[in-house]
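We call the chains A, B, C and D, going by the order they appear; numbering starts again at 1 in every chain.
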Amino acid sequence: MIILLHLDAGPVERDGVRAALEKLGVGFEEVGLVDRTAFALRGEESPLPADSFSRLAGVERVISLQPKTPLASSTWREGGRQVAVGTARFGGGVFGIIAGPCTIEDPAMLRRIARTVKSAGAHALRGGAFKVRTSPHAFQGGGVDAFRALVETAREVDMPFFTELTDPRQVEQVGELIDGVQIGARHMQNFPLLLEAARLGKPILLKRHFGATAEEWLLSAEYILGAGNDQVMLCERGVRTAEKHVRFMLDLAVVPWLKSRTGLPVVVDPSHAAGHHALVPALGRAAIAAGADGLIVEVHPEPEATQCDAAQALPPQKLADLVSFARLVVEADGRRMSDLPERDIKPLDTAVGL
Amino acid sequence: MIILLHLDAGPVERDGVRAALEKLGVGFEEVGLVDRTAFALRGEESPLPADSFSRLAGVERVISLQPKTPLASSTWREGGRQVAVGTARFGGGVFGIIAGPCTIEDPAMLRRIARTVKSAGAHALRGGAFKVRTSPHAFQGGGVDAFRALVETAREVDMPFFTELTDPRQVEQVGELIDGVQIGARHMQNFPLLLEAARLGKPILLKRHFGATAEEWLLSAEYILGAGNDQVMLCERGVRTAEKHVRFMLDLAVVPWLKSRTGLPVVVDPSHAAGHHALVPALGRAAIAAGADGLIVEVHPEPEATQCDAAQALPPQKLADLVSFARLVVEADGRRMSDLPERDIKPLDTAVGL
Amino acid sequence: MIILLHLDAGPVERDGVRAALEKLGVGFEEVGLVDRTAFALRGEESPLPADSFSRLAGVERVISLQPKTPLASSTWREGGRQVAVGTARFGGGVFGIIAGPCTIEDPAMLRRIARTVKSAGAHALRGGAFKVRTSPHAFQGGGVDAFRALVETAREVDMPFFTELTDPRQVEQVGELIDGVQIGARHMQNFPLLLEAARLGKPILLKRHFGATAEEWLLSAEYILGAGNDQVMLCERGVRTAEKHVRFMLDLAVVPWLKSRTGLPVVVDPSHAAGHHALVPALGRAAIAAGADGLIVEVHPEPEATQCDAAQALPPQKLADLVSFARLVVEADGRRMSDLPERDIKPLDTAVGL
Amino acid sequence: MIILLHLDAGPVERDGVRAALEKLGVGFEEVGLVDRTAFALRGEESPLPADSFSRLAGVERVISLQPKTPLASSTWREGGRQVAVGTARFGGGVFGIIAGPCTIEDPAMLRRIARTVKSAGAHALRGGAFKVRTSPHAFQGGGVDAFRALVETAREVDMPFFTELTDPRQVEQVGELIDGVQIGARHMQNFPLLLEAARLGKPILLKRHFGATAEEWLLSAEYILGAGNDQVMLCERGVRTAEKHVRFMLDLAVVPWLKSRTGLPVVVDPSHAAGHHALVPALGRAAIAAGADGLIVEVHPEPEATQCDAAQALPPQKLADLVSFARLVVEADGRRMSDLPERDIKPLDTAVGL
């Protein structure tokens, strides 16, 4: 940490900062920088955050140089993580697709959709049982019954599945049967839930809150990594802006940014970003091209009869088109699809030159 | 709900929409509106949300006319709520001030701050025990021990207190001893927590998430009201924007907007919005003038020695200045401060003419 | 336009609205919609905007059904525009690349960059002479001299060029020699400049302001179209958000959204969105995949010696990689690059199924 | 400027940075800061911007310590500016109110409104002649004829007036007759217009763009100050956010922030921020309390018959209420209203303790 004094800070201010650091017992060096004084703290950790030093008289700026997400960064230094959920793979040069309905409303329809997305090329199933609904007057999801239908369907069609948990108490309730845990955008900073879910030791798809910065999102991953679970996949699903033509703005610059800071797989959800099915294919293609390690897509053959997020569900044929496009780009990059045999593959960050 | 067809929708589309409505068994009227057809649904509730109808061929727009927050609205029609937390009052023409440290770091300092804010004119104490920290590497709060210190201090100085809960399991753990529950911004849409906290039957200060719209915030209040607890206070603490000079942008237009839709008291937190102590007095004054029913302010006599949010803590004298300004404006409006004897008072919405 | 009354509007309010419409001399129908009254205006144009009617007592909502951008929409109905700037083509199934330095600082370096980007596969040159600099203390651009250097270089290397105009008086000054006019983001709503530039009859690359909605952007295009110039290309370059890892957030959903509303070509600028060269390739690839008709990219071989936007300049080799990726995707879509002979091509909107 | 190297930068990177600085001929010191190397540049001005140095190998961060707005800052050091427009005063402890219609649609109505706002307590008149309309299909304003009506009315009722200019060529056309120039939000970064308007030497009300940061806004003021005109008033009118209940979010934290950096008067426009008349009084009161030096408010007695911004026009009585509130707060702060005789007054920054 470097504490930079104002140009016009005099001996009184210098003495004050020096005394404060000495009182804290922290090692430091006092350095002249042309026209002002700087104090550089020794050692990795400061006993107080930068904000506190900024309240000392004469301080212009406090520059913290510590890595904020050391655990996420170490996954990068170690060459990246590939997360496996059943037979599906994400990251480490492998691209996977998760697809399914928004919500499990009816077991028969779930089975139909599961078969459809599998034959369109998806590698894992998605479906919501414990829903996060903005309004208490909207359909609240099927709960444990819906969860059971999801487990049965996934086993029947032989696909791994992801589903959202919303309460730390659900971890004990259904954790044993879950394949991949989804943490929804609105729970990205529900730290008790993150810690409880992490303890399951199963893959976690951590969605970014639509109001959170990328750094805050990585810090939430840091909670899971710190609890000893490194099976974390980061899922970008759009940021809220003033724009009206799209529900959330998909932050695709975050894909290369994350890949230069962490080795965790990055998955993109074009459905919740778009909010409208006609925009999903273009956003899905863009995410593939930007170097994502996977997509999670909402698909429904009869969206006009659903209780939740009807506007954004993709018809099954459009999912098949997306899979074809993924295959084209992923192979041109020297990566591979999750369902193809392993060859000499490489993560895309090489390809895009970050 | 009104389903409006496209200008160029023909008999096929009309028949399709009609058939879909008949299949759902919903009553409706088909009306010509100059150059296009509209279907107006009968009855309060539609069996499907507006989104689903928008997927039907020929539909241009679906206009939902149902009140989205009927419970919050009914508090308005019934003349508004005044929430009492111990001796402190908020709403119904009464203005209250909550003040204290960000986090309980040390019982002796807590006691000192509590006495200071009381003598400066605050009506209730605040202090964090179960903290929500963006980084797992930052100070995580004192937990149950800090909570106990808060209870003891509050009883000792004879002030009611608010503190944040972050996990539904804490409700059972400490709920009996709590005076007012704070739901922090990051948990505004943690619905299991809202429902569990609501069941305590104690006052709840519901902060708005910095990425949430005012409507989403009211819908979270609707969860609490729907669980049978109408002791809800809404707390505005700023919205995230691209602006760098201030941490969050305080949405003061939301004060009159809320007061035209709900009778719940509206409290403003200038400290978290500002992020810097020098901006807090102006924002606190502005909130008072905009018609808020209360303030919640972070105060600390030695911010340079704290672990959390040091930059925004107000020196005690500035709190006293804010209380004086509140007294000036509140009395000119015909309202009263929480510590004054009851007279003929009126809510400010009359005064600002909404 | 449909004026919808409140549920509880009575005869007095109905009479008031009816009288106001009669006074304006506008034809209308009064219709019952289950539980409320609606007034539907006859004819295309209302004599007053929707806002004015919303001030009448008893009015709940005014729904305007008129197309807001009739001229932009007509370019769509007529099958789309292909804009030609010299030998470069954009739109109508053809993909073009504009590249060059941010600013013209030195004629020799401009010549070197022009040759480099041409051999890397770019179809047109870019370079700023009349700069828009946020600070008056920053380098202000080379003005008319730089413009002359640009014309000479472009003729010498045989490439068409785009450059920004910032003042209606520049149109007369340099308009005759310009190939393509760039309207920068900060001038998107400088309507006197738009109208003056439109009168030149040359292609106009209209950048979106980072704070503007897509609809506002199309309305600026509507000014140019209304002045009789339909050689408009829309250029997305990112929207300002609270995010810190990227300068602006590239709105790629706007590509399919625009293509469902207008036939004008859509070009994407990944450089200004990214703000950092390491993010440009991923954003450029994403824009190509999302269906853009072209890219405009800042390229510089020695960015560490430039006065303006050094952080975002792409090394020439990365431009060549982007061109290769564009070729792969564009050909797989059945489109073609601007430098390839014409075959049986199709716009991408068919491919992505909007 | 301080160039900070990465922790792991070695002799090669150090030599590279050193050589680059020597080649530029800039004086510098090389300093060890505990675990890394820093280069501190000597002298006020760097020959290249920070961005360029950040492209050098081994550089982690470049910290620019130069004041970005030296001219705006000097107005602060010199004790602040009071801007006079005719008899109206803004700043230096004096509070003024500008009021009038959005647009001049009819001379008789303008006269009626001018008299009304004057008797309600306003100190200057506003009214738009050269309009900035998002759509070319909306009413475009009355132009020079409307301007003439404004001049005549202002002289007749004996009030100074503000009106917006939108084109550098209008400065010559009408500049001699104008009292105060308004630069609208959409032209905040139209630098040719700013420079041309500055040369008039008359007061300029510079509105902030709804997508601009406060720093960008001050830099636009810096253009005017740099052209030798220090009669600049800064006008906050709200920032665009995702929120739907209000058109723009009024940034009141910017008031004390500006007052700690510049001595220019700060005026607030609650009308354009609110977008709805029912929100204007609360925002106007909040701006007064936050320490603004003035308000600019849209007032119309018959908003339901206007072409522009009907929803936000305040009825005259509400303006009178705002004036009363301003009087209460301004006098309690030891400031005075523009129409009161001078006494011992002080700027509010003293009062709010910045």
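As a working rule, a contact is a pair of C-beta atoms (placed from the backbone, for glycine too) under 8 Å apart; a residue touches a chain by one contact, two chains touch by 3 or more.
Given the structure is predicted, the values throughout are model-derived calculations rather than measurements.
Relative to chain D, the chain whose mean Cα position lies farthest away is A.
C-beta contact counts were set side by side for A-D and A-C; A-C has more. Over half of the residue numbers at the interface between copies chain C and chain D are found on both sides, making the touching surfaces mostly the same. Here the CA centre of chain C is 28 Å from the CA centre of chain D. Chain geometry summary: the mean Cα position of chain A and that of chain D are 39 Å apart.
Our note on geometry: chain A versus chain C, Cα centroid distance of 31 Å, whole angstroms. Each of the following residues of chain A touches two or more other chains: 211, 240-242.
On chain A, the positions that touch chain B within their shared complex are 20, 48-49, 51-56, 68, 70, 132-139, 166-169, 186-187, 189-192, 209-212, 216, 219, 222-223, 226, 240, 303-311. Of all the residues in chain C, the ones that touch chain A in their complex are 211, 213-215, 239, 241-246, 249-257, 260, 273-274, 278-279, 281-283, 285-291, 318, 321, 325, 328-329, 332, 352-354.
Within the complex, the chain A residues that touch chain D are 2, 4, 7, 29, 31-34, 36, 38, 40-42, 60-61, 63, 65, 240-242.
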